[in-house]
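Two complexes are shown next, each including chain A; its partner changes from chain B in the first to chain C in the second.
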Partner chain A sequence: MNTATPDLRQNYFELFELPVSSAVDKKALRTRYMALQREFHPDKYAAADDQHRRMAVQIAAMVNEAHDTLADPLKCAEYCLRLQGVEIDAETDSSMDTAFLMEQMEWREKLEDITDAGSEARAQLSDLRAQIANSVESIGGETAGKLEQKDTAGARELIRKWQFLVKIDREAQAVGSQLDD
Partner chain B sequence: MAYSDKVIDHYENPRNVGKMDANDENVGTGMVGAPACGDVMRLQIKVDDNGVIEDAKFKTYGCGSAIASSSLVTEMVKGKTLDEAAAIKNMEIVEELALPPVKIHCSVLAEDAIAAAIADLREKRGEAKAESAA
Partner chain C sequence: MALLQISEPGQSTAPHQHRLAAGIDLGTTNSLVATLRSGLPTVLNDEQGRAILPSVVRYDQSGVSIVGVEARDTAFEDPHNTISSVKRLIGLSAEDIAASHPLLKIEATDDTVPRLATAAGGKTAIEVSAEILSSLKTRAEKSLGGELTGVVITVPAYFDDTQRQATKDAAQLAGLKILRLINEPTAAAIAYGIDQKDSDTTIAVYDLGGGTFDISILRLERGVFEVLATAGNTALGGDDIDSAIVQWITGQGTISVGEDAGLQRKLLDVAKKAKHALSEADTTTIELRYQDIEWVGELARDQFEALIGSLIEKSIASCKRALNDADLEPSAIDEVVMVGGSTRVPAVRQTVSDFFAQDVLTSINPDEVVALGAAIQADILAGNKPDSDLLLLDVVPLSLGIETMGGLTEHIISRNTTIPVARAQEFTTYKDGQSAMALHIVQGERDLVQDCRSLGRFELRGIPAMVAGQARIQVIFQVDADGLLTVSALEKTSGVAAEVHIKPSYGLSDTEIESMILDSMKHAKQDVQSRMLHEQRVEVDRTIEALDAAMQKDGDKFLDAQEQAAIGEAKAKVLLAREGDDSEAIKKSLRALEATSEQYVARRMNASVGEVMRGKSINNYDEQETTS
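And now, the complex of A and B:
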């Protein structure tokens, strides 16, 4: 195969020729994504032998997976942490900062009330969503800082919190589209 | 994925949903969360003078299995001493609710919540260990 074949063992940043950082240059990511997609599109290998065709399919899958990871700020931060050798154990570790969980509980209660609040619902929902967006933004910035300093314990704690924020944001969005119906 | 009848029953008719005064010295509060699904669970227990759990309440924001697990656990702990309640294992919940492997973490969450509530209560009462009501 040609010399440009990416090594399947390289990490996503290497594949996209980007510096390892949770602050990804979106434009560079996009440009390189399109170039890699063109380069390894399975159609281009339709006439190649089995081995090369399989290789192209594997690479195309890795390119997509890498792009989806790097394009999503939370997934990207989680990936950066993994590159530093630390997992977030999202399923097995349920211990969280109690104050944070209480706030999450409060927000979910608010969201629950909005569902059947009627006329003021929209204003309340946009308040809550602004609050969530603020938290997401600050937690994203803080996480980038911790990852930069290789403070893996600090980054892990923040990323675990971030996951709750993404979840409630999705639920708030769903409530929003219900109100629009 | 299909939920078992028992999960659906607890989901549709959750037992003991509610809140108790977290400042009451006979009330222990456990707050836990699962980042993977963003579930948040609050479980509270209230003990009588003999250290037996006389009431339990929960509030869970999460999937059906998480709600069913916490609902079930509030039923299980009533009438138990703290030591007995602390001995509850998540696999009992898994078996009772017939949870599939991908939902086992919901039962772990409930087990962690009860453990956290007991720890909170013991700390509040200045006990290293609960007196066992023989």
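And now, the complex of A and C:
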């Protein structure tokens, strides 16, 4: 029934009028996101008829989805790779270089120790998270380079590592939540 | 309002009409209604000059209900027909209520929504809430001298889909048009005018009420609020402070309470009095006289503070958790807003102030601050403040997911995602010729379905017959700006839309709501037919007026001659139907007009995306609001 859905441009970068790159200009993204929200947020149509309200919800949802993707560096890199025709999840290959895996195991052990470490736990946790953040930053830079060179295989390998890092950081954050309980 | 109306600056087509709007704080213990008067948010009092309406409803045999102070003060006469703290019951199943509120009597029915047994028959939590809202509506309309255009109702930030939907249903039942549900902490921040700040601000809203504690971390950037994280404790509040004092009194060794409910009541009364006194004085005398018991004691503020220290520390633990979730240090917080009567306790203020290392905001009455903020937002949404930059970007409070094999939850929309949001998920059939499939929607963070909250079961029917695994069924989960979920489905290879049948787990279906409204109207002896006819005619006038204005502006730009003719034809049919007195016929013709003009609206909105990027707006909805 809903045939007339606003199409909102070809891709997320076009929507925000930003160059296609995993190194997003965060400030420009934010400003344009706000401008679109100010125009299409359903609150701007609170007193409007059903048709407009429905469309505003659709547009605002699309704008949010686009923003969430570009604002999150990992999601953005995955999205860039997809625009180059490679789906990260479609591949089943699970090999990963040994040095990286060793580092992951080391961090995971550290994280387990923190859970039982008592009063110094918080300091240790922020140390670990700083290390992870460092790795994320360098991997993010490398990925942007590979994507720019259209080296999809290289970018894909880096993004898979990046996913591991984000996962362990999320676990570290969850450990932080429990420390306060 | 229908199509966007645009007028040239300074050429308003009609004088600005102020619309009556109100903000409602539908609280667990107390409720309030507020509105904007001469630009200032003001709480509306009842005829006796009281602002606070106790959230207590008492039913009698004749079906009449009493709401507020009278119901609360006479509760002891008729405890079984007096319902208080109904907010704690909203969205709960019969089993939930039986477990958490063993004293309440639940009627045995087949309904999904439990009914509380009262002298006036079984009442759902939605109906009880509607009584409170109705009472506030009457108060507001009497006080403002006209019908309310719409209201903003506040809900706790952590309210799940069922609880939000139930709140909305209650408003509908009370005959209120909801402009938006907003989160209580956001409303409080708006009341303090924090949205007027030029620079980016991070705000903590510390809400210590009668029975619950909530902490929310918000970020405000040029008029746009975002909820970053929320945490809380549903069993921490002013009541616990009172209990701590009671324990101190009985701990002195001379009074033994036992099972004496009257004495317990009396003890709580004197404890509450002492608590209030200690907000001002350094020491207070507690006098207890009950039957043959006579006890007098002195409680100093520092003793009192020692008693409640661990309670306050519990709230600080929640603050730490919320900060951790938002990935922030306490020093990152720019403003701390205090909400709830219990924040009057000096030790609470001091501890919170120490934790965040800054002075906390306490200048607005902590009981009223949420309703006042809601009133400001209601005024904007009703269209009375076209120049306002205020925009609330809220988030999904709890992750939404579906049940997969083995009773596991798969998250489709994760917690703290900005709303509105739409996510698509693809499913396939596992049998040849399968024409239906069932989905179980849950909300919560846990991995096991049984640990999450069941929102409802969706059955997709009408899937075209195909070989197993070939169908590609796209299910779209959409959460709107009120935080409410809708689900739609499409089989992609054939383009066939699957029908979605929803069976809410603990909510009411649309038909149930409808019949409740009809019942309540019969009760009020209102003429349903004439009311519906009137509403439809108003809707026609709005739609046509807006459509004409839009077509005049850019009809030629977006529509060819044939399309314009089609819209003209549909419009003529609407005007013809309007002359008659069949409200269904009017409604149908209006839907047809909407369908015909849908492409036009979409094109205009598409065009405006580009305009926004260039820093201007053709569809300035705010602007046209002043002209309607």
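Here, the second predicted complex is superposed on the first by the 142 of 181 C-alpha atoms of A that agree within 3 Å, B and C clash if a C-alpha of one lies under 4 Å from a C-alpha of the other, contacts with A are read in each partner's own complex, and residues count from 1 in each chain.
Methods note: a residue touches a chain if its C-beta (ideal position, glycine included) is under 8 Å from a C-beta of that chain, and two chains touch if they have at least 3 such contacts.
The shown structure was predicted, so the numbers you read here are calculated from the model rather than taken from an experiment.
With both complexes superposed, C is the one of chain B and chain C in contact with more chain A residues. Look at A:Asp50: by the touch rule set out above, it reaches chain C but stays clear of chain B.
Residue contacts after overlaying the shared chain place A:Arg108 against chain B, while chain C stays out of touching range. After overlaying the two complexes on the shared chain, residue contacts for A:Glu120 are found with neither chain B nor chain C. In the overlay built on the shared chain, the residue A:Thr98 is in contact with chain B alone; chain C does not reach it.
Of the two partner chains, chain C is the only one touched by A:Met34; chain B is not.
Of the two partner chains placed by superposition, only chain C is touched by A:Glu17; chain B is not. Once the two complexes are laid over each other on the shared chain, residue contacts for A:Val166 go to chain B alone; chain C is not touched. Against chain B, the residues of chain A that register as touching in their complex are 88, 90-96, 98, 101-102, 104-105, 108, 159-161, 163-164, 166-168. Within the complex, the chain B residues that touch chain A are 31-38, 40, 42, 59, 61, 105, 108-109, 112-113. Here chain A touches chain C in the complex through residues 1, 3-9, 15-17, 30, 32, 34-52, 55, 57-62, 64-65, 67-68, 173, 176-177, 180-181, going by the rule given at the top. Within the complex formed with chain A, the chain C residues making contact are 1-4, 19, 149-150, 179-180, 221-222, 224, 317, 320-321, 324-325, 327, 380-383, 389, 391-393, 417-423, 478, 480-481, 497, 539, 542-543, 546, 594-595, 597-599, 601-602, 605-606, 608-609, 612-613, 615, 617, 619, 621-622, 625.
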